[in-house]
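Labels for the chains are A, B and C, by order of writing; each one numbers its residues from 1.
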């Protein structure tokens, strides 16, 4: 499905994605109409709290949802091709070769009974025809690339013998063996100490430059997002609140949730002032409101917010937001017909 | 002993015997000589990474572990095993995990009422009920929640229940052990504000243990930084953040991701090499020397003591 | 960024909708679900489980039958059935609902004879009532043995679990030793010892008289040996509970150990204890049946399901029913308790939640 104006299709485009889970308490609509675009070599940050659907949208791209979850609507286009209709075999090719993922807890993502070298070599051999020796040599190179000194020795070690930071590096090495064009990182540093986190984030930025890789980073940590992402998507209750560049989101937020979030976190500019919390409790996905997902906690909620899901409006060249406040204040750009 | 301090901790040590071989036991020096003090109504933030011993300090302070060495003073009085029970109502704790720190078989009323029961703080049932409802209101819970069970509440609400329980005995000192770390970002602000309000209203002092430096800086008057069981730097919150002296503090602060794109992308980070050494194999002398870019011979031979650099800014370093 | 979907916003949205929403309107969006206790939530889950509900029904029916049958059926388990007060020599080994010659004559004359629902045995005793009494004995033994196991196991396990340290170590090694003893051998030895040593006093001792030396020895052995499984489980549960922060919180409040055990540890153990006991009962019944089958159980004329099955062995070819009825009942009872125990575990086990 090429673009009509002849431009190359973006590396990854998610269009109106809906993902639901069947539970014994009912259907949980974890992702509810999410669209975003990722260009080659760029970094996209998806920020949200628990229940926002950020991880589920990433898992949907890789199609590694739990057995009771499935994509109910929408498309995911990789270089213009819709991968939601891929067969299992095609999906297996896609994962690892085109798109790789690293997770939050490296201890549970690495197999404890195989050595590190074994696991990386296996990853290489799944996706290529390399011989054992060749794959092993590649694995050593990979470990060195992610900053593990003494790579030969580390190849023979088991995951539990490595520290948290080391394991995360191994995970990154495993993800990058085929030099995929997209790396999805789901809370990659949440379980790590702050100084180790800095190392890993630095490593990821470095590798991104070297391999011209696009990164999708999913996290709740606004500091990490600010550091890592050019473009940001803010999610709440399975929907996108707003999306734009990092400057758009942090300096000109156009959604009440984003504004509330920025007011409630301690930062360099509000150290002396009282934090302004967002009232209420996180959303219950089994009991979604009819209108905007955030309305019951929103200080500025209006009657329309309770009954109608806000349309996505253009704020700026790079900035879109789904909040009725923009209609009230007229801060949106009216579309030409 | 100056009793202008509410809490005085002197050279606190907590060692755990760990079996490391067939017949071998090594001492895990979780806390290895920690000294600090807290004034009434003040908040001391305690930060450090995993394995630094900050949680152990909090629990040893409340004598939930029996200290291997050192002294703890409350209002100038030395606390021992014998007199701990009478001091318990004065020193309480709020825990990190809102899911495991409340008994799932008890209602909110029973949980908050337990401290009242243990210390006989009421004369009749009506008074007990009133006290409980008063505490619930103080932390922002509705009265109708009293008969509900813990599993029906969200993380933030559970923390409030935990705080109400800690306040039931009217303590003057509360150890907040990673009390907001497990909460969603938008809920953290609610609980942080509550801690601050309670401090204004009731004059409680806090030992605020956390790993999120921005949160700690926001809520604390003074901050102590720990590394592998020892305090490496103590200072006013602002002074520590603006002019850290110890090399570890400097790299810790520079590693914190700031939620501001311009600052985040432009700041120069001091990246520490390597990983934290295992507490079972602590480096000789200064524990930080293996990762410190200013390390010298002296650092390997002798552990630097905390010295005052002016204005109460204490640093343990030979070179800075 | 690419195009956003076209929206007709240059249009007619009622300006009144842009008024701020009131607190009440917002509150309506949030609903707290109905409050359920742990117990009620578990019961709800249990009732949804068809096998568990089925087992409850089956057990209920069995219990009702064995309670009320003796009031309805005029035969006794030990007495040979009489017709009109006279001995009936023709009523041996009747099959279900069959009448003996004498009884048939009596009916023809106009008399009333209560039917033999399951026939009679080789001595002319009504089989149905014997099976009913057999079930009584089996269930009673199963229940009391389980309660014995429960009490000893819980006390032992809680002391070991809560105290910890060396006491726990020693207590658990004792458990290990007991585990490795051969239970059947000990039961047999014990019953022989009891019989011989109390031989003369046997008739004086009421307990021995009612149950027989074998039964008493079974109980003694249960009390000595079979509590170890429960002890281990309770100890394990207590160790898990002890690790929870709410125990630490209780200590921080200043609660004494007795208070902590009473208010925190035991309530959190109860579901495990109940489940284990529910699964212990069929095991006890089965053991008793087995022992009675090999002749080590209750003594004649007291029937137990196992001994009935044993007596029926000789006539298996000609009268298979006499073996099948008690055997089927054993299977039903054991299966029902097992399924119920499984269902209880699925519904109440805190580990399986969330």
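Everything below uses one rule, namely that a residue touches a chain if its C-beta (ideal position, glycine included) is under 8 Å from a C-beta of that chain, and two chains touch if they have at least 3 such contacts.
Since this is a predicted model, take the numbers as computed values, not measurements.
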Pair joined by the larger number of C-beta contacts - A-B, B-C: A-B
From chain B, the most remote chain by mean C-alpha position: C
Distance from the mean Cα position of chain C to that of chain A, given in whole angstrom: 52
Euclidean distance of C-alpha centroids - chain A vs chain B, Å: 33
Between chain C and chain B, distance of the C-alpha-averaged centres to the nearest whole Å: 50
For chain A, residues contacting two or more additional chains: 281, 297
Shared interface positions of chain C, touching two or more other chains: none
Contact footprint of chain A on chain C as seen in their complex: 1-2, 4-7, 9-10, 13, 16-21, 25-27, 29-31
Footprint of chain B on chain A - complex, ascending: 49-50, 163, 165-166, 193-199, 201-202, 220-227, 246-247, 250-251, 260-262, 264-271, 274-279, 281-282, 297
Chain C - residues contacting chain B, complex: 32-33, 35-38, 244-246, 248-255, 259, 263-264, 267-268, 350
Chain B - residues contacting chain C, complex: 59, 62, 64, 85, 88-89, 92-93, 95-97, 100-106, 114-115, 118-119, 147-149, 151-152, 162, 165, 169
Interfacial residue positions of chain A with respect to chain C in the complex: 10, 13, 37, 243-244, 280-281, 284, 287, 289, 295-298, 300-308, 311-314, 317-320, 324, 327-328, 332, 334-335, 337
